[in-house]
Amino acid sequence: MLTTTLEGNPEHLVEIDDIYFHYNHSTHNLYEGLSMAIPRGKITAVMGPSGIGKTTLLRLIGGQLRPQQGQIRFAGQNIPSLKRSELYQLRKRMSMLFQSGALFSDMTVYDNIAFPLREHSRLSEELIETIVLLKLEAVGLRGARHLMPAELSGGMSRRAALARSIALDPELIMYDEPFAGQDPISMGVIIKLIKELNESLGLTSIIVTHDVEEVLTIADYVYIIADKQVVGHGTPEQLLNSDNALVHQFLHGEADGPVPFHYRAPTLADELLGAGDAK
Amino acid sequence: MESRNTQLAVGLFVIIGVLALLFLGLQAANTNVATAGETYRLYAKFDNIGGLKERSPVKVGGVVVGRVSKITLDGDYYEPLVEMVISKQYNEFSDTTSVSILTSGLLGEQYIGLNPGFIDDTVQMLEDGDRIYDTKSALVLEDLIGQFLFSQGND
Amino acid sequence: MLNKVAALGQATLNSIAGAGAALIMLTRALVGKPQLRKSWPLLMQQMYSVGVMSLIIIVVSGLFIGMVLGLQGYTILVDFGAEQSLGPMVALSLLRELGPVVTALLFAGRAGSALTAEIGLMKATEQLSSLEMMAVDPLRRVIAPRFWAGLYSMPILAAVFSAVGIYGGYLVGVRWLGVDDGAFWSVMQANVEWGHDIMNGIIKSVVFAFVVTWIALHKGFNCTPTSVGISKATTSTVVTASLAVLGLDFVLTALMFG
């Protein structure tokens, strides 16, 4: 449905076009004909129940996984068909905030943030220091630059990781479950940071999450994935008023609905009687 | 600062390794003797080489001057031919030199003993590839016993 | 029955695929133009954690094994009146076999398992993915320096092991049991040859270094990124590497001294 309008639209930084994907070790398809478009300069939220492969989607965009079918275009280039060297070039323009933060445990916070700069630029150490301190200032951790990642709290290490992922001023930043396991205060801090960074740096952001309330306050556009496809998309207001039963269940957190409370199983009566028969 | 200490430790580590290698080379092994420097080859034919093996030492008066490099069967009668590699340091053996296969100690391994011959105007010096004709084979225990019994019988 | 044959086939395919993956990993890590400015400090760091940190265990084990060799060798040789041969016995056992082999086994247990666990943990905490997303190849950045460090460190460790072991044999044989000092060294020197014994020992330890480090890195890089997966991979590193070392040792010994 989206495919015809998507093609080469300059307003979209990332376009996902009718992809089919399953992991090598299983035959179970994670996506069947999934399509979505990520508008440039906006915050897009991708939501859905646990286990439907939201993180996988980010890895597909980052080129760490390849879909069996379909295209994933970043600024017009089809990521799955790129050579390794081209992919590495492209990755300098995007960055990803991992759920665990993924700070390098053998470096200080300062060195962690300086790492991408040292790898990819020929800047002098003085210049790198300036940039690192600015990035740390942006996430409020300038005072923590000499600490090791193990000494940081969960919220702090995620903020440090955020500082690292914006070190190279990417065009796209992908957040993998940024709110998971955070206390309300650090959750508030991270929401504020995502919003601010998006506005001040003109970033395009993709947030993968299942924390509905938090993300609806900052997202410009929302995709809901279930059943291997996009089941609903639109602005937060449009979705909240949606009459799609699945969207409704997810956004309002109802226990039972189109996504059933019970894992697939024969009815209780059948199972109990069946067990009796087997004796 | 930290990386400097690391570099220092690694440097020391490498030095320790080199020292260990030097110790092994100089203290435990015979680097100076035979086959290490320039060498030349001599041949000798024996009736029986006993327990002689490749790499057995070649000695002059107990001093190692070379090693056995190859043992083959030669000629129509399949006689053992021993190739020896001798250090260039000792290149003044005359062609009257004799060789014998000897045993170090009662149970020790066998080696080749070189007995330098006399030198005067009529003899030539052995050179690379030359053959020594005056050879004495290894003692074989069974032959010894046989000879002993035979000589007893004659008394 | 058919199922079992199928399972065997599957296992064979899996192991071939595993070996192939390991080969690809290694070539991708090592092929390419080297960047000395960046890789030198990384190599130093790894030489430190792989080599220097293993030195203590190597020195202590070498000393004790040398002392035991001296003691056992003496009690056997003295029956034949051949205690003069203690020197070459200790030296040759260490240089040809025990030095390279025991070093490789200790290295697999000390450094190999640490390498696997470290890389497994980097994978589990998404540090490897994170490197990739930062357009830094984890094979070049994480695997390659560790591989070279292992390859350089083990021969050094093996040389130290043998040297310390010979000294241990000397302490027991000469200082304690009263073998003649001069005879100990001179008989050793008469029987140990640089090109034959010491070089072959070094070649062995280079081969072992290659295999052990490779196995450790491959197991870490391809482990299941969970706590169970990492602990399994670590165990598997020690087991596989030890078996590979012992098997290869037989082959190499047959080729060199057979």
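Lettered A, B and C in written order, each chain numbered from 1.
Assume a contact is a pair of C-beta atoms (placed from the backbone, for glycine too) under 8 Å apart; a residue touches a chain by one contact, two chains touch by 3 or more.
To keep track of the chains, here are their UniProt names: A = ATP-binding cassette domain-containing protein; C = Intermembrane phospholipid transport system permease protein MlaE.
Everything numeric in this text was worked out from a predicted model, so none of it was measured.
Q: Quick one: most central chain, C-alpha centroids?
A: So the chain sitting closest to the middle is C.
Q: Go ahead and name the chain pair joined by the largest number of contacting C-beta pairs.
A: B-C
Q: Can you check how far apart chain A and chain B are, centre to centre, with Cα atoms defining each centre and the answer in Å?
A: About 75 Å separates the centre of chain A from that of chain B.
Q: Need the CA-centroid distance for the pair chain B / chain C, whole Å please.
A: 35
Q: Express in whole angstrom the distance between the two chain centres, defined as the mean CA positions of chain A and chain C.
A: The answer is 43 Å.
Q: Which chain C residues qualify as touching chain B in the complex?
A: Residue positions touching the partner: 41, 44-45, 47-48, 51-52, 55, 80, 82, 91, 95, 153, 155-157, 159-160, 162-164, 166, 185, 188-190, 192-198.
Q: List the residues on chain A that touch chain C in their complex, please.
A: Residue positions touching the partner: 59, 62, 64, 88-89, 91-92, 94-96, 98-100, 102-105, 115-116, 119-120, 168.
Q: Under the definition above, what is the set of chain B residues touching chain C in their complex?
A: Counting only chain B, the residues touching chain C are 3, 6-7, 9-10, 12-14, 16-17, 19-21, 23-25, 27-31, 35-36, 55, 57, 64, 105, 107.
Q: Enumerate the contact residues on chain C facing chain A in the complex.
A: 38, 121-122, 125-127, 129-130, 132-137
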